[in-house]
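Two complexes come next, and they have one chain in common, chain A, joined by chain B in the first and chain C in the second.
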Partner chain A sequence: MSLDCLPVTERRWIGRDVVRVEDRSLLTGRTRFIDDVVLPGMLHCAILRSPFPHARIIQIDTSRAEALPGVAAVVTGADALAWCQPARSTPEGWGLRCLASDTAHFVGEPIAAVAAASRAAAEDALEAIDVEYEPLEPVTDPFRAMSGDSPLVMEGKGTNVMFHRVFTWGEVDAAFAGAEHVFTEKFRWNRVGANPTETFGTVCEWDPGTLELCVYGSIQAASSAALGCAGTFGIPSSKVTVKSQHHGGSFGGKGGARGIVVASMLSRKAGGRPVKWIEDRSEYLVAGGGQAWDRHYEASIAVSGGRVTALSVTLVDDLGASGEGFGALGAAKPLAAFTGPYEIPTARYDLSLVATNKTPVFPYRGMGPPPHFFVLEQMMDIAARALEIDPAEFRRANFIPADRFPYTIPSGNEYDSGNYGEVLDAALSLAGYAELRREQEEARKQGRLMGVGVVSTVEPGVFDWNAYAIVGMPQTGVPEGATVSIDILGSITVRVGFSMEGQGQYTLVSQLVADYFHVDMDAVSVVQLDTRSAPPSFGPGGSRLGVAISAAVLGACQRLTGTLRRVAAALLRAPEDQIELWDGNFVLKDRSGGALSVAKVAATMLARSDLLPPGVDPLPEATYVWTAPGRTPADDEGRAKSYLTAAQAVHVVVVEIDPDTGVVEILKYAVADDCGVRLNPATVEGQLDGSIAQGIGAALYEEYVYDEEGQPLVATLADYLIPTINEIPVTQKTAVVTPSPFTPLGAKGCGEGAIHTTPAAVMCAINDAMAPRGVLLTEVPASPQRVWKTIREANR
Partner chain B sequence: MSSTNGTRPVRVTVNGTVHEATVEPRTTLSELLRSQLGLTGTHVGCEHGVCGVCTVLIDGKAVRSCLTLAVQVDGSEILTVEGLAAADGTLHPLQEAFSAEHGLQCGFCTPGFLMAVYALLTEKPDAGEDEIREVLGGQLCRCTGYQSILRSVMRAAAQFRESKLEWVR
Partner chain C sequence: MEWATVKPAAFDYAAPTSLAEALTLLGDPDRDATVLAGGQSLLPMLNMRLARPELVVDIGRIPNLAGIEEREGALVFGAMTTKAAVESSALVLRQQPLLHAATKLVGHPQIRSRGTVGGSMAQADPAAEYPAVAVATGGWMRAVGADGERTIPAADFFVTCLTTGLAPGELLVEVGIPALSAGTGWSFTELSRRHGDFAMAGVAVTVRLDRAGCFEESRIVVFGVGDIPTRMSAAEELLRGERPEPSLYRRAADAVRDAFDAPMSDIHASAEYRLHLAGVLAERGIADAVARAHPGEEGPNR
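Moving on to the complex of A and B:
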């Protein structure tokens, strides 16, 4: 709704660019990341990994390693069989144990692990472990994997198809049959992923006395990790404590579950000594949580009278060797925005999730829509080009009109609000679109390959589990809680259940509380609790935490105000309903009589039991747990009100291709974005910038390459090309603000919108550039080699 | 002078404090700083020389501490991120600029950026955008998309040209 709900004359913090509270300790090197944690008696873990994509493990001999100086414990698949369950997975039943026991399923799969006095000693000990393998035929092509004669990734399953279903929303066959035009194309999205600058790390302590497990780690979702540990080890969740350290980015792809289980087993075997495991970059690249979206698409759209009447998408999604990374969720999330910003009445989704002998896929920022929108937006351009309609105007003609919100899309989700035409206009005028087309005409006359991409997408924000119901996440609701507490001196502490990972959420909490109680931001401290102390919390993910934590904090402030007001009423000798909080004081609504500051009321509660009204506890503190209202369970076609908000963006990208080298240069990048009310505009801008950079990486540079035998060819950051400053254009940005009617402050989720849009926009621009040559590039990333080859085809 | 188990003594000055330590030949400078001297502000992102997260100054020059062996720095002066802010906690102007321009999100890459830029600007106070971009091109950041980092550095560079003395540590 809006920021006007705050009880102040003038807001000093929220909605403004403020300096982040996180910065000082980060800038001085004082923030404690997981590799900075040192516990008494701590051992260091190193992991032995499979060199084969698919192999039988004939035998493992660890005796030489165990005899080395400094080695405290060695674990193998036999220990995993004895002590743990396979990982939970989506789809269910496709999880592996943390250490392979009889079969290795992908290169880099953990086989054994050592805990020793130093990391170097542990790594040396790995070389003294003898493993005898019998290589098996690997499964690497998902289409072959689906055929009857393929070897099996998991023998017990009897198939490599983890999941197959066709979802039909509306009379899609009739729409195709009756259409004036039908366009069909195939697309390939190669594996990309998160690659935060800090890899995963953990310190695990298995207390042999209490039989409790304590886990520190660079963990994105601490409460999920705690439940995962309890399930894997078969111990009560009340005996597991997870404390997430502040960490160096995550983007959904921090990974780490196997590392936690392995380090915990080593701690158990080493008599309870804490064990640290820090994943190195090569481990992360080969077998960590950094691989996502290995997809083969076929898509069709039906167009009549310039309007899209049906969309059909067939996806074969290669999830790699197990469902342990929850990569399947990324195939389900497109349901939340299947038809993008368009009023497309019918749709179909033919979805296959397939196992191969590659590293299991994990979430990555965007969680699935980036490839989906790449496909949808190429189809929009293919149709516009064939029908000779300007691509921007084709989109405009198909936009959901501004007066139709809240709007339910065929795949079931509801978009809260928007004004897509206005956002398009803002982007086109920022980019100087008409002039760009004139420049392009000139460039084409000179034989230059210049192209313009105009792309619009919707960013589902504030995820809910029901979005993933089709692949086996039956819950509805993702509660996020906060406790606001005032001490006897009037200082305010907010307790939350998540750590800092870069989005500035502690700043957001401070802004909101400081404005609510009319104090300086410095007067508010934000404290992270571990999973056994915190109120229900999921943490960052799914463009959710900004909205969720601001709603929780606001609720807690309001609840606390209710308690304080009872005390203030007694002190002011006025009826409670005549008193309100305004600018940090409890005052009479008619402004007669005195005023009592929040600090004074709190101090009275704690220090003057004689003045405390009957029935009020001496506790100036309140907890509020928020979950998105109005979410619905998925129906039998997967339709649910899942994501609470729908932000929308239009990106205009101009590229020029060097036909001799295939190198793509981005000449211009303009963005208009509507993510509702911006609680900290500088932070929103940072989310856009970072997400655009990752989108450009996915569109042009980044790729996890495997050879045909399933060997990964990417093992260093010299192979996996994360863009540097010199690959990222300076962007122009403008904001449109359509407040969300469903969130307390009118904000919408905003962390993923740009990566939803950027790859599609860059690819549309590239294909626009090559259009005069009559060729189409349907595979990302558009590496120079792929672009060059595509241009060659035209010349043939 | 190397002992029978291969370890060697090294003497280094880090942020003005003299340290003596015994290291293995394979110990890297980043390990010496982090594990032996307790200076964990220097981070490690790849250990193979690409990300630049581990950048520190050795005798005024920016280097990758993950690719430098501890034995190589015997007798050197090292500056790490912990040496930038004043003793009373006042942030260095470069740190102030990063905060003001939102040049960091998760902050894991930040010490590397700060040290690389500090080395550039102390050596070439008049560095223009091209030179700044060239140096920043050796550092990876996965969060910010670099726009705000560039703004931070341009702001710091302008400030530095006006008041060099406050800068040098």
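Moving on to the complex of A and C:
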């Protein structure tokens, strides 16, 4: 069915900056987060963690801890062996159990856990657990890990290489061999990751009566968590309920299953008393879901006649000690936008996923392409600089032309629509590009290091599992459902399967329904169901939920309208096909005769069985489950139509570097982007702002540092430097709108947004600034120390 | 229910309402007691169980421990005076602009609204601003213990990283910071990763120029590089009697770099980089201080 139309003369809500329905509760402190959940008899969990990156666990003695007042249960690796399977992982077979039993694989790996009457008592009990370790040699460098003489992270595997494959799309070798110019460079992207305001937390209850598990948690993808629990414990998924609380952000960092599994085991051992575990910030930073993208790249591009003819990328991706965080997906996702916004006919991807004795990596906003684009965009600038072509014009010359959409890239994904030249023009004119280059010339005459970065990237939106087929995700669809229900007084309730996480999707649902049935947004309530009652749902992730939920809601509205129309036809005594919904009333298409409001029709259904047409249930309610159309399974080179939409952006960044200190100052930041139709422009802008902030963090500040022995040197937010409001520039923004032909209302996925572009743009600006000195910084983040060192190289 | 989420190791808590009572509690040789002031350094340490005192003595309810007054050419701060109070004090802005400038660099408004003057001195973080100000201005600390009270010059107060000359059981009650005399030029420069972070390196400078415009007296204090804020005597000596000019500042910067044997090193700044920064900041700081100095002027600041 076509989901494009809203049956109203004028859209009053969709496409406008509306006040978010989430905000009243958030601002008045009424939103209930996981730590607000208090159940009768609840215990508190604390987790003992490995101080060693690699060690044999010789012995664990918990007897002193068990004897302490208030301690209800203690679990160790022995319980994990008895009760649960290793975590599901990508690649398959690289998951660890929630508690280490014989070997510890990274610092912070859970070894034992306590449930006690208070968190303090539980923490005290940890100190009474005696563990005897035999330290083993760790491996922290992925290149060493790939070599024959390396210690093994998982002994049974016989190798640390989780995955290696070379993907070839088109005649790459020929393109390189025949190219006028070939440019090659190495890059290092250091570990960064999600740091939501709220860390992970859960309350788990293992009911010994029903043998059912109930999990509350600050969980991003509730249905996946439920399936994961069922698989881990080997119980029917119908016996697991996951209720995701509204939570303070996720950005991919809340996928960790260990906390849930550990708390569930403790509840089971404590006779079914609920157990709460709230991850503290240090636990999150050291061993939570916050680490991603620890990458070593080598890239080459071939250029002939000003056109890029081939791209080759070799990635060694350090996934840490396990595949449990699904960090591998982040190495697979670049296939959805491998060649960025450019018409590059051939490409190669040489991908190695490697295990080391570091914390397992997890997804992070953008899920892999941000480092890929950092590399691709540096290569574009390296080529432009060498060929003395303006970097903006070099990009323009290589853009996929506007008349070529839908466009299939060499790695197989299809871009829905776009007008990249127009977006570039919008960004350049917003930034005053020509004038910037003049200013730069002046600055250079004075010896100042001023640089301009012009970067363009594509944001794959609305993910499907086939995007990750190459690392072992077999399915294609990711359905999202919604139920729209009208009560006897005409109030509308929409039931969904995901919780509030900050992006404003409840607002979007309210906007859609309010426009569809021509009511005020206040008349619509959005209710979250747990995983056993909700329609199929994945929730937020992969820049998908805005598009997916709007399709689901529109589908449900349409389906419900079909039912209501049958009743309206009976009441209006007119043929059904003569009747339509318009501005909230059922009317005759020729506008003769009366009108019946939606509320009235629904009330009649519920209250007047005498008027109900035969065959119609007294149920003014409909459910619709949407999945992206036209997705294809991956072929033998990993090619698939995966992400449904392709948003695009151009960022222009101006920086100045203090050559004496290496400090980078952002002087100007301009953004033009095209994410199709903006269903709620304020939300899009908010997503952009947050994503730019995270991009600046990745480019200049954030880094999970390990020493050579595998000890994490980041344990607090004084070590892991998230930029504050003082570090984030005020951005200028403008929008181009190229509707998606594939989605309801023409919107594109835009939730991950600017993090695709910002790190690349800032780094291009920095390298542009340093260009007169003939040096290149190929490592992020560009900390003052790194920039200073790079400039010093030039002075030598 | 609140206590259920508390994480520090168990401790006793006392909130004495008189100095005498506090000293009795702190003086008990059988109990490991710690003072709680603004809690901005202590509470994280407690939560991470890095500090495990038996008794926490909250000095927030002792009368007359907070306030700013002028006494004999100095500004005297009660130990419990918050940085927010220092920041908004017109007296401080007028009499001791260097301290005012430094205050703005201490953490964030939230931290300054609770963190105290005494707490920063007692904490003695090598990268903290206040100890550097105290050393650069020739300040002093007044401590009270079971055996009475004593005044300790700032130069002797800071012993090493996170360690002061306070004896066990002694409470820091007052901090004196001499007013800047008229004509004195000053600067306070630091470089931190983000706004509000502890500095990777910082330099406090005061200079007095004679009638001829030459350096008469200068104080250069570097913090965040060594284990305590350190006066750069060689650099100060190098300036004395000389005419201010950039090449001189550069030589002073070299002298600063030569002053440290074992600079601190962490993930944000290596020893080498810190040392380099100290020189850069010293060079800039001296120039800024000179620009603010009025040659030949004497007497109290106006």
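We adopt the following convention: the second predicted complex is superposed on the first by the 791 of 796 C-alpha atoms of A that agree within 3 Å, B and C clash if a C-alpha of one lies under 4 Å from a C-alpha of the other, contacts with A are read in each partner's own complex, and residues count from 1 in each chain.
By definition in this document, a contact is a pair of C-beta atoms (placed from the backbone, for glycine too) under 8 Å apart; a residue touches a chain by one contact, two chains touch by 3 or more.
Everything quoted here is computed from the prediction, not taken from an experiment.
In the superposition on chain A, contact of A:A120 is made with both chain B and chain C. By the touch criterion defined above, A:S543 lies against neither chain B nor chain C after alignment on the C-alpha atoms of chain A.
In the superposition on chain A, contact of A:Q694 is made with chain B only, not with chain C.
By the touch criterion defined above, A:T561 lies against neither chain B nor chain C after alignment on the C-alpha atoms of chain A. Contact with both chain B and chain C is seen for A:D280 once the two complexes are overlaid on the shared chain. Using the contact criterion defined above for the overlaid structures, shared-chain residue A:A718 touches chain B and also reaches chain C. Of the two partner chains placed by the overlay, only chain C lies in contact with A:D660; chain B stays clear of it.
Touch criterion not met for A:T346: it reaches neither chain B nor chain C.
Measured by the number of chain A residues touched, the leading partner among chain B and chain C is B. On chain A, the surface touched by chain B in one complex and the surface touched by chain C in the other have residues 35, 120, 280, 282, 716, 718, 724, 726 in common. In the complex of the two chains, the chain A residues touching chain B come out as 17, 19-20, 22-24, 26-33, 35-36, 120, 194-199, 247-249, 251, 280-282, 500-504, 682-683, 685-686, 688-694, 716-718, 722, 724-726, 728, 730-731. Only residues 35, 38, 44, 117-120, 123-124, 278, 280, 282, 660-661, 663, 701, 703, 705, 713-714, 716, 718-719, 721, 723-724, 726-727, 783-785, 788-789 of chain A touch chain C when the two sit together in their complex.
Contact residues on chain C toward chain A in their complex (touch as defined above): 1, 3-10, 44, 47-49, 108, 191, 193-198, 200, 267-270, 273, 276-277, 280.
Interface residues of chain B, counted against chain A in their complex, comprise 24, 26, 34, 39-48, 50-51, 53, 80-82, 84-85, 89, 91, 95, 98-100, 102, 104-111, 114, 133, 136-150.
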